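Have a look at the structure below before the remarks.
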Amino acid sequence: MDSNVKSIGVLTSGGDAPGMNAAIRAVTRAAIFNGMRVFGIYRGYKGLISNEIEEFKTNSVSNIIQQGGTILKTARCEEFMTEAGRKTAYENMQRHGIDALVVIGGDGSLTGAGVFANEYNIPIVGLPGTIDNDLNGTDTTIGYDTALNTIMQSMDKIRDTATSHERLFFVEVMGRNCGYLALNSAIASGAEAAIIPEISMEKDQLAELIDQGFRKSKSSSMVLVTESEITGGAMNLAERVKKQYPQYDVRVSILGHLQRGGSPTAQDRILASRMGIAAIQALLENQRNVMIGIRENEIDYVPFKRAIKKDREISPELLEVLEISSI
Amino acid sequence: MDSNVKSIGVLTSGGDAPGMNAAIRAVTRAAIFNGMRVFGIYRGYKGLISNEIEEFKTNSVSNIIQQGGTILKTARCEEFMTEAGRKTAYENMQRHGIDALVVIGGDGSLTGAGVFANEYNIPIVGLPGTIDNDLNGTDTTIGYDTALNTIMQSMDKIRDTATSHERLFFVEVMGRNCGYLALNSAIASGAEAAIIPEISMEKDQLAELIDQGFRKSKSSSMVLVTESEITGGAMNLAERVKKQYPQYDVRVSILGHLQRGGSPTAQDRILASRMGIAAIQALLENQRNVMIGIRENEIDYVPFKRAIKKDREISPELLEVLEISSI
Amino acid sequence: MDSNVKSIGVLTSGGDAPGMNAAIRAVTRAAIFNGMRVFGIYRGYKGLISNEIEEFKTNSVSNIIQQGGTILKTARCEEFMTEAGRKTAYENMQRHGIDALVVIGGDGSLTGAGVFANEYNIPIVGLPGTIDNDLNGTDTTIGYDTALNTIMQSMDKIRDTATSHERLFFVEVMGRNCGYLALNSAIASGAEAAIIPEISMEKDQLAELIDQGFRKSKSSSMVLVTESEITGGAMNLAERVKKQYPQYDVRVSILGHLQRGGSPTAQDRILASRMGIAAIQALLENQRNVMIGIRENEIDYVPFKRAIKKDREISPELLEVLEISSI
Amino acid sequence: MDSNVKSIGVLTSGGDAPGMNAAIRAVTRAAIFNGMRVFGIYRGYKGLISNEIEEFKTNSVSNIIQQGGTILKTARCEEFMTEAGRKTAYENMQRHGIDALVVIGGDGSLTGAGVFANEYNIPIVGLPGTIDNDLNGTDTTIGYDTALNTIMQSMDKIRDTATSHERLFFVEVMGRNCGYLALNSAIASGAEAAIIPEISMEKDQLAELIDQGFRKSKSSSMVLVTESEITGGAMNLAERVKKQYPQYDVRVSILGHLQRGGSPTAQDRILASRMGIAAIQALLENQRNVMIGIRENEIDYVPFKRAIKKDREISPELLEVLEISSI
């Protein structure tokens, strides 16, 4: 392999996700291991434009694998959506001698990367960093497993009080228009049901639940709900139940931003480490405009266009697992 | 000591709190250790009226010290506020030969206990079980330390995302009209401020914070808010900031019911164990209508009337600790 | 599908693993969902012989998905290795009308199941329950992800003190003759190296580490070691270093039995739920003498003989990830 | 108050303890709040001698309250026990203009502080930082509550496997010659007994346990043991049982260094924050050669000599609580 990349920049963009630091660490060390220089770019594309760029050494990423959030910080950046913004960004890269970028983020971040890469002919490799697990071409994303466990641990706490009081809880979790997080959280936490966008579009899940009388054999129930206009959110669903079925003692919990934080799980740290090293490997192989994906436990290169096109489907097996295991 | 108590009933009442199971375990074993019979009463006073009562043996409380919630379940019971309700309750006690009660709960539960005890001349000992730590005559209550740590761990997660994004977070926690939980959580989580009922009544804490420009030297801030009509709650405060200071990127998180759950901390398990054993000791000493308190690390007996009269004050030292350590 | 199985027994055998309860729950509910009766058999094959058998209903497995260990308890049973023992076991099955078994355990347990199944022509389905992840035909086993996270969290704590003191730690973890757990733990915890049986057989890993001077750029180091005769264990390795390199401040930590316990992670709960339901599905399809495996995220049936033949290999990619990310 | 202290140094010394970072943060901010300059001294007295000293600003201690270990690192330093070493240390203080020291550590560190303070007439205030809780004049020490919870959580995991297998576990914990940690851990984790130095000196606790047949009503047992020559340690006790009572399935677990690490609990963070601020307050009041203690929840000044004289006694109430609650 004979790559022209001598110096790379790494940035985190969009919503933060646990494991981003483990990815930054792996990218940095793999680059240095392969004789490259590495620059940390702060606040995503914003820092690329405002030139918040700093050279990283091996020690710059010591003792961060276990930390949530991102030491590079992240931001959403409207200026990068303009040609002028991207021009400044490119000029800053040149100033530091940065040949290529590794971008860690979700679909918005990768879309921006694709535009920038094409415009200035820069090799860019993306890493899927999002708790929503809503990207194509990869079985899982950096941050998803941690968020899943964080939700589950919150549900374990809520169950304590739910069973003590014999109540019906609606718990709202993140996921944008993707029910993956809610469905898996529901299975993992022994909840009764998951009201998710993919299914809510087709039928009235709440009506169905009510018709079945929730779990007649149980004294308390928990229902996961994806935060989404399609599901209506936990608050709306609870209001409907209160009106139609005043006999239920209904409560709502919106887990909110704590889902994004926390020390990453082993899976997320290992995934981020593997992907970070694979990103440098991809650049060495003169790959560009690809996202590193993981398929059937093997590293894969996914063209940006395919990664951000959403056509993931909810697994019928998982829906059945939830239904059967919560009887 | 020559006590007439041969057989006791134990119940949990009101809001559940972590450590209630450890208390049930200690009460049960201390009673058996002292030659008494023990009856577990389900769903608080409700179960006393509906006769959901079961004899407990040593093994009935095995392997529960680490569990959140309460195996006896809990409920609020309006019927117990009527004479007829209490009469049925008393008759059920007689039917099982129960001479005395140990009631684990907050001020509402202890108030009910006081009425019942006087009406039927029953020895009742109360244990302070509430996360709010809002009872008089005891330095701390069963469940408070666990809730404090649960909030702090949630804050640690929120801080990850707050610092990654440089945001201002308002986080709402429980406490009813007592700011103890919010103030201590703020210190423990390195938050900037705590907006609490005791102070909100006297001055506009938010205006003061805004005047000081929050922390000028910091890029992100977290403010704890007690859920209370007096503070207005996190949502209202955030709305005010958004209107007056649109430059802040404000977010709200309402921690909700997860604060009540979870495996109890060491302090709560030890406290509950000590108090549970002290409750039986108190009955053996022919005490009645007292709550077990802990003062300066010593067990104390607190008459119900004093326990439920609220005149606890916020410690000026803690307010200063928060102010200085968050500069 | 037309299955003759009307009534099943479920047992856990061998070393316990987190997620076994989630598996018991799923097996029980899937069986009831499909119209079967279910019997919980206590203490593994021992209880099958001593007739510690109890019918399970839906509620028998309520509120256990989050619990570590196994409510059915487990034991090693020499009597089941005799013909007489298995005869008694079979007679007890007949007495209760149990047509088929679901056995949750590691390779020893599945070997026993295979012998029993052939001898008495009983349909038996196995679930891979072991933290060691040392079974063939499945990408992962119930309990492995939890053990991995438990080790990682312990390492996070040890790192706090290691970096405060600038020490070299050897930490010994479980895994029998399989280095999978140690290698992945090392990556997840940012350790320097993993000394594992698969490689220790071929070369002197410690000598290699010492030759490289551990990490010259770092002030503290952690090395994972698989508990195994082949590696020699952490204590022996530490002794070697102390003798040859007295300048290192060496410490040893043997994590021990806490690796087996704890509330299961989301991955283990979901895996156990999927596998438990698949076990009943397999019986409905008249499968027998197969272990439920998971391959590339799909459920698979693995004949017992193949499952317990060990030929798993250590992934060269993971070895490289550890080497590069710890420079 | 009219203090001559314009500039302070802060260091951590001896064994590290969770909460030391929270203390460093509070000391730093309280000093700046009161118009002083602050210097962080690395590696304890060693760095004072080798001049590893750096000025701290408010931001130097941002985002560390939740971190285990100590950002100032710690070391044991033999050179400081010599006059020459202390002379160099004093000269480095003068070079930086440091008027006073805050020393965070255990009794060895405070003893050293006392000698140095007298020799050079330097105001020194100590903070009790040790997981052992073995200092006089303070109800608790920074790190103790976290270590207690860490042990308890490990015990919760061990209990999962202990009850699954019906075993007898000896678990060894830290504490030097102080059984406080073992005794409280035993109560909190529902263990059967604690074999601790204070009692082992007087009687053969193991023999007593064996005579009582451990818990006859229970199928598994856990016994905490303080790591100490007086108790003999867990390994020795297990050997004795194996020889005399081969029917027990005995296991040993030595928790080791993970007890020192981990994110501090709320109690430790609050305690460290209060004590750190009190240390600066003490210097402002021209106090010197005192340790900050906490007595009955109030800050207290304890002369070094009294703090390090050990005459703490084991509470008979706690011994009784353990005995009764584990029947």
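Going in written order, the chains are labelled A, B, C and D, and every chain counts its residues from 1.
Definition applied: a residue touches a chain if its C-beta (ideal position, glycine included) is under 8 Å from a C-beta of that chain, and two chains touch if they have at least 3 such contacts.
These numbers were taken from a predicted model, which means no experiment stands behind them.
J.: Give me the set of chains touching chain C intersected with the set touching chain D.
T.: Joint contacts: the list comes back empty.
J.: Taking each chain's centre as the mean of its CA atoms, which one is farthest from the centre of chain C?
T.: Max centre-to-centre separation from chain C belongs to B.
J.: Compute the distance, rounded to whole Å, between the mean C-alpha positions of chain A and chain D.
T.: Chain A and chain D have C-alpha centres separated by 39 Å.
J.: Just give me the whole-number Å value for how far the CA centre of chain B lies from that of chain D.
T.: Between these chains, centre-to-centre, one finds 29 Å.
J.: Using the touch rule from the top of the page, what residues of chain A touch 2 or more other chains?
T.: 156, 159, 163
J.: What chain pairs are in touch here?
T.: By the stated definition, chains touch in these pairs: A-B, A-C, B-D, C-D.
J.: For the complex, give me every residue of chain B touching chain D.
T.: So the residues of chain B in touch with chain D come to 25-26, 29-30, 32-33, 58-59, 62-63, 65-66, 139, 145, 148-149, 152, 156, 159, 163, 184-185, 187-190, 217-218, 263, 265-267, 269-270, 273-274, 276-277, 296-297, 299, 317-318, 320-321, 324-327.
J.: Which of the residues in chain D come into contact with chain C in the complex?
T.: On the chain D side, the touching residues are 12, 16, 18, 67-70, 73-75, 150, 154, 156-166, 169, 251-262.
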